[in-house]
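These are the structures in question, set out in turn.
Next, two complexes with chain A in common: one pairs it with chain B, the other with chain C.
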Partner chain A sequence: MNEVYRYFLIFLGALLIYNILLIRFIALCPLMGVSTQVETSIGMAMSVLFVMTMATTVSWVAWNYVLEPLHVGEFLYIPVFILIIAALVQFVEMFIKRSSPPLYRAMGIYLPLITTNCAVLAAATEAVKPGFLKLNIAYHFSLPEALVYTIGVALGFGVVIIVFACIRERLETSPVPHAFRGTPLAFIIAAILSLAFMGFANLLGL
Partner chain B sequence: MNEETTGWQEFKKGLILENPLMVLMVGLCAVLAISTRVENGIFMGLSATFVLVFSNIIIASIRKWIPDQIRIPIFIVVIASFVTIVDLSLKAYFPPVYERLGVWIPLIVVNCIILARAEGYAYRNPVWHSFMDGLGMGAGYTVVLLVMSIIRELLGTGQIVLFDKTIISLGPFNPPAIFILFPGAFLTFACLVALLNRYKMRKKK
Partner chain C sequence: MDWSIVWKAILALAGLAFLFGVLLAVASTRFQVETDPRVDEVMGAILGSNCGACGYPGCQPAAEAVVAGTAPVDVCVAGGRAVAEAVARVMGISLEMRERGVALVHCKGGLSESVPKALYQGISSCAAADKIAGGGKACSYGCLGLGTCKDTCPVNAIIIDPEHRRWVDRERCTGCGLCAEACPRGLIEIVPRHQEVLVVCNSGDKGGRAKRICSVACTGCKKCEKVCEADAIHVEDNLARIDYEKCTACGDCIEVCPTDVIVRVVPVKGSKKQQPVSARDL
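For the complex of A and B:
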């Protein structure tokens, strides 16, 4: 397989075919919680992209240069990755607070939430530890490949959460059955969106 | 009120009143993703309950020595240790199940229910109550997970297969596969929540 094509497949697979929210159901809490307004969704999407990319980079280095050479990866990867993410989020929060107060005001409230955002841990684990990825291509990612994968996942998250917020804002004022108001309706929207994303299945043999 | 009745109340609270999935709406991701088979539901429910109960016990017993500022990392380390135990045991004893549950096992660490119970309950309550609370929350989680997976497997495949044995079969008909596909998870859950809402509204009137 040609090198560029391989990157393209990894990216597309992470973004559309195995979309993290609608096909794999990871990180539904922010989808339900934050997506009531388009503006907050954009903030969340940006913060996730940022944290996810950094988390995968650090986890990749930790896995390939520390855990794997010491043969402790198999039973230490969970605590190590989650601590990396927690520390990273804290660090990023402090850094942004100092360096760019407007950005902090925009992203600030979402940053602590991201620690428990399963998408970050999922992307890091899949991109770094072999054996979790269901995509039909790679078994072990190199660092650039892991990064392309992570960016694909994060953009997939962003696209869906923003589209979702747009639909929800519109439906806020429409008449729906009482029992379905709020969360149930949001899940119905998610079902229909997920139906649309299923159309991408088996695209390019992934 | 003696010790035992309050313990029972803690248990019941997680099962019904404060059911983590239907009422608090946290930790949904895993439920939607793996409820395609009853077998998955059982293993996932048991794993989450195990982690909940033991992390609650440990955190409740060391809560007096945990400094307030770094409590979250400590909780996460405790939880992660128990998740690792589950991860390795499933991998060793039930490889096919481990294969299907995949990334969801490590993701128990970030399952909001467990951290929420550690922070909101076990950190402030004695060991016995935390134990019952963990058991109740785990049971509530497992029950919803089982209901979801029974509906989805029965409607989506027309039968329920448990440990390679067919338990219930609906006979020869063409099952609507959408229920075990991705949209089915959202649809089933939406209908369950709507039903619960309707029940609550009736009760209010």
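For the complex of A and C:
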């Protein structure tokens, strides 16, 4: 398979076909919680992209140079990856607080939320640990492949949460029966959007 | 049993944890930001629910403003006196309690008092109605009755009855002023809590027209101005206004007002027990 095409398939598969929010329903909490305003959802999407990419990089190194040589990865991967994500988020928070206060004000409130975000753990695990991938393209990713996959997952998260926030903002001013206002309506929209995303199944043989 | 896997697991996890621990410890000293420790203390004193009633985007910016001296110590309106005292202790200054105001909607006209000019069926939002030829009411100053203030109120102190009249639960109202900002017609004023006599109209129309389009409009007749002994009420631009500093709450103006635009309300005091206030106290 052509190398560029292969990267394209990995990216597209992570972004649309196995979309983390609407196909696999991982990280429903930010989908419902942070999607009431377009502005905050963009902030959350950016923060997730940033943290996810870094978490995968560090996790990949930890897996391939620490866990795998010691043959302890099979049962230690969850505590180790959580440790990595939590420490990384703390570190990033301190770093941007010092280096870029405007960025900290824009992203700061989302970073603690991401510490325990299942989407970050899921992306890191799938991109790093062999046998967790849904894509029938590879058994184990190299570092560039893992990064492309993670960016695809994060952008898939971002696209969906921003589209979702746009719809919810529009519905704020619509005459909706009182019982459906807010979260119930959000779940109904999520279901309809999810049906739409299921149309991508089997695209390009993925 | 092969114990080596156990040692390896402990070694791997402990090693990584140690590595990240050292990294974070170094980072926390290396990237330390010089912040005023009082900001954290103020943060601990205020409620910290990020309600936004103070007008700042959240509790952290409010705490920073207090320490910077740009916000008063009783910035946390939701917290009330106890929180203000705690913040004052952190800041090391004595507490001068600013009297919290209470919201007043300067319009009495509901569906049966105000003459309509059109039937508004658009988006249920005052700002939208105001943009489309000024909504359904003939009065271009009065309340549109679609409840943007009610939706904005963080403590549910504004009630809208089926006649589209607004009632402020003066006991619940914290005087945060969010409704005053939200109202596209600028109808809502935060008035002093002790003020008993209030003018409840915003009409700038001349007497004849005001009377024609609303049965509870200030016509600018100046009867109140003439009767007031304290020189507290004046008609400017066809609308009576009370100077709250001078008003003695004698009630003479209420007697003479031909359209009942001037009303007396029960003043709101501190404790809820002393002051049973009905929602109908405008």
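Methods note: the second predicted complex is superposed on the first by the 206 of 206 C-alpha atoms of A that agree within 3 Å, B and C clash if a C-alpha of one lies under 4 Å from a C-alpha of the other, contacts with A are read in each partner's own complex, and residues count from 1 in each chain.
In this section, contacts are C-beta pairs under 8 Å (C-beta built on N, C-alpha and C of every residue); 3 or more make two chains touch, one makes a residue touch a chain.
In this text the structure is predicted, and so the values were computed from the model without any measurement.
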First (chain B), second (chain C), both or neither: which does A:I161 touch? neither
With the two structures laid over each other on chain A, which partner does A:A27 touch: chain B (first), chain C (second), both, or neither? first
Touching A:A55 in the superposition: chain B (first), chain C (second), both, neither? neither
Tell me which partner A:F91 touches in the superposition: chain B (first), chain C (second), both or neither. second
Return first, second, both or neither, reflecting whether A:L15 touches chain B, chain C, both chains, or no partner chain. neither
Counting only touches as set out at the top, which of chain B and chain C does A:P79 meet: first, second, both, neither? both
After the superposition on A, what does A:M44 contact: first (chain B), second (chain C), both or neither? neither
Return first, second, both or neither, reflecting whether A:L147 touches chain B, chain C, both chains, or no partner chain. neither
Give the label of whichever partner, chain B or chain C, reaches more residues of chain A. B
Going through chain A, the residues touched by chain B and also by chain C turn out to be 75-76, 79, 83
Could you please specify the touching residues of chain A with respect to chain C in the complex? 62, 66-67, 70-72, 75-76, 79-80, 83-84, 87, 90-91, 94-95, 97-99, 109, 173, 175
Can you list the residues on chain B that touch chain A in the complex? 25-30, 32-33, 72-73, 76-77, 80-81, 83-84, 87-88, 102-103, 106-107, 109-112, 115, 181-187, 189-191, 193-195, 197-198, 201
Note which residues of chain A are touching chain B in the complex, please. 22-29, 32, 74-79, 81-83, 86, 115-118, 121-122, 125-126, 132, 134, 177-181, 183-185, 187-188, 190-192, 194-195, 197-198
Contact set on chain C toward chain A in their complex: 5, 8-9, 11-13, 15-17, 20-21, 23-24, 27-28, 31-33, 58, 123-125, 128
